[in-house]
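Paired with chain B in one complex and with chain C in the other, chain A is shared by the two complexes that follow.
Let's look at the complex of A and B:
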């Protein structure tokens, strides 16, 4: 009972906050002189949502972006975890690779996205790559910090128990590094959406980023709003999935 | 259990010497220590800090190689961690994400023992160390004394012949410490192990051991090999008998 009440209270606050936001938005558009094609009312956006939802185009573009995001996230995650592990384990690898990694971080993703589109074409691959690139760094850093935070005493314990490499990785390093690693994944999951949209902005004929571009070109601000909201929901969904994963995998950690 | 000639001592330490060397120079931690340990004996090693006690236990466990000399277990030289030796560290060294039960099954999991079998062995030991009912508790919810009980159970789960304890009760308060000492004696009697325990507490050493080795500091030298002929089972009151006090006196003089 208590849990349900607590949940309802939490949801209640979210609904209340959204409702206040909508009212303010409506009030702003009603009492200001800004024409609705520049700044649409909530009602315009809702109408637009219904029309693109009905003709299936919203779902189509959402699925395209979702696919890019998920593949980009997987790729970025895989590459970052492997590289991170190697970097954490070997000072030599760290010395060789770190100049490139740090340098790559000083280049804004928008600046290299056009290059990727030129190299990989306007299809889905360039978006997967922009998404993977943006996911890479936070996951990499957290993997390194996570692996380096494994207590020396536990390594000693594993050694005294004659554990082999795989056992050390599976029974010690992965569970010990997981809290920090998942923190990186939280950041990476939301960034993956941004990466895919940046790729779509540069050159694409489908996806939510493309839809934003179309809306901009047509002065169809309602369409831009619908696309942006969908992106926000996508990012929230991914973030929520990671939080859910954390609550399942890290149930041993005490939370406040 | 084994067919090895039982006349032969279980453990032989021959002219053991350890020198740590780094860029700044070298430090002699242990200087030619020799002794042997009979089966089912309870040995305590006492000495002030800096006497190389921990170094000695690391060598006996095979975690560290000696600079000179050698250690033989059952006639074969110890060069790396091996089967048949259980270790309890200064800190309990439990994995915080594993329950009490799972921390104790860890050594068996590493040896690929089927999980059902591992759990039943672990449950037996949980009962032995007096933690029945705490199987599913996490280390973070246990007191210092309970943590060391888990560590002791873990070290016994592979049924080792030799049990090495490196100041296992050093972090506990005086009362818990005495209680744990008595518990350790009970476990030792029940399981018939050969025990080598490091401590800096002379009274604790005399109370527990059949034989106490006193080591002087920097470099570690064997000063006194003292036989403790006090009747077993021993009781807390025994600490105030003239024999007991005499023995502690002798050890104190040897170390200073």
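Let's look at the complex of A and C:
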């Protein structure tokens, strides 16, 4: 009973907060005299949502972006984990690669996204790469920090138990680095959405970024809002998935 | 607690009141009227007519102080529609689209006579007319804006559908795409990319939209409120802009030199190419008579936009433009 009450209280506050937000939004658009092509009412946005949901276009564009995001996240994650492990293990590799990695982070993704379209063509791969590039750095940094945070005594323990290289990675380094690594993945998962949308903004004929462009081109600000909210939900969904993954993978940590 | 709610309510009311307040156009008799003009693109020699009008004092003579704003075209149109700004430079197709969405905008001066979009390709591919595009790979910045509308108008003239060819959205990278040869043809601004590519030694075929269809092109936009409350400002704005256009047509070299003050990097750019861009732009200017908008171009534009589903409903074109201020 207590658990149910606690849950209801938690959900109740979220619903109340959303309701207050909607009322303030409606009041703002009603009393401010701002036309709907500048700032639509919640009702306009809801109507637009129903219209694009009914004709299937919202689902189509959402699935396109989701595909780009998931592939970009996988690519970025894979590359960052491997590079991060190498960098954490070898100071020489770190010294050689870190100037490039740090420099790459000072380049705004919007500046190189058009070049990716020229080099890789206007298809899905340029969007996957923008997404992967933006995911790369936070995951890389957290992988390095995670691997380096493994206590020396535990390495000594593994050595005394005569663990081989793979056993050391699987039984010690991965579990020890996982909490920090998943922290990086939380950030990476939400950034992956931004990366894919940046790619779509530059040149695309499908995806939620494209839908934002269409909305802007047609002065249909409600469509822009629907696309943006869908992107927010997409990012929250990915974030939630990582949190869920964390709760499953790190259940041993809670028990500690 | 009640006191806090009261304070919060007062703050909210103040916020909403502040948002609702439209700033009335202040026009002290002895001061210049400040106008922020969204141009729709980055600083470029293509805007020489406006730079020249400022430098030669045509705007000041009309009591106007002009500030250039290089925001997105659609943002400029939306701000004019909301009467947050009085004027904007706009491509013709934006006007019916915006009016169909309820923006009370009015086109008051034609700057370009010809629609500035073309499909270009390497001459060895022998793409010379719209019909030749069937089965080809064509790249364009995106499925929106003047490039897309002009391209679809050309397809319509050749009775082609989008599905008859491969269309690729590549952003504003048409020069690189054509140079790399990844597409057979690219949709471009007549006055820009072809000049750059030809300067690099490419032999091009060009299919000009304006050779096939008369469409409303670039011009000056205002809104119904400004026309009804301050027609004199519209008249002065149009008059100054037209003087700038005429002066640039008659003195392109001087207009080019003036542009260097406004376009960063123009001084160090390839002078021949940039002058070529200005000359190509001047070829598109409205010259007969200056500022006049042709009714047939509006009818054609509306037909093209309706076919493309870019307008939900037909609009009354007589409310969308007027030649009253340019004559």
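The rule we apply is simple: the second predicted complex is superposed on the first by the 253 of 256 C-alpha atoms of A that agree within 3 Å, B and C clash if a C-alpha of one lies under 4 Å from a C-alpha of the other, contacts with A are read in each partner's own complex, and residues count from 1 in each chain.
The criterion applied here is as follows: a residue touches a chain if its C-beta (ideal position, glycine included) is under 8 Å from a C-beta of that chain, and two chains touch if they have at least 3 such contacts.
Treat the numbers as computed from the prediction; the structure is a model and nothing was measured.
Ranking chain B and chain C by residues of chain A touched puts C first.
Applying the stated contact rule after C-alpha superposition, one finds that A:38 touches chain C and leaves chain B untouched. Touch criterion met: A:203 reaches chain C, while chain B stays clear of it.
In the superposition on chain A, no contact is made by A:55 with either chain B or chain C. Of the two partner chains placed by superposition, only chain B is touched by A:162; chain C is not.
Shared-chain residue A:175: touches chain B; no touch with chain C.
In the superposition on chain A, A:252 makes contact with chain B only, not with chain C.
In the superposition on chain A, A:214 contacts chain C only, with no contact to chain B. In the superposition on the C-alpha atoms of chain A, no part of chain A is touched by chain B in one complex and by chain C in the other.
Residues 24, 27-28, 31-38, 114, 117-118, 121-122, 202-205, 210, 213-214, 216-221 of chain A touch chain C in their complex. Across the complex, chain B meets chain A through its residues 61-63, 81-83, 85, 87, 89, 91, 93, 95-98, 106-107, 109-110, 138, 140. In the complex of the two chains, the chain A residues touching chain B come out as 153-154, 156-163, 167, 171-172, 175-176, 250, 252-254. On the chain C side of its complex with chain A, the touching residues are 12, 16, 19-20, 22, 72, 74, 77-78, 81-82, 97-98, 101-103, 139, 141-145, 167-173, 176-177, 180, 182, 310.
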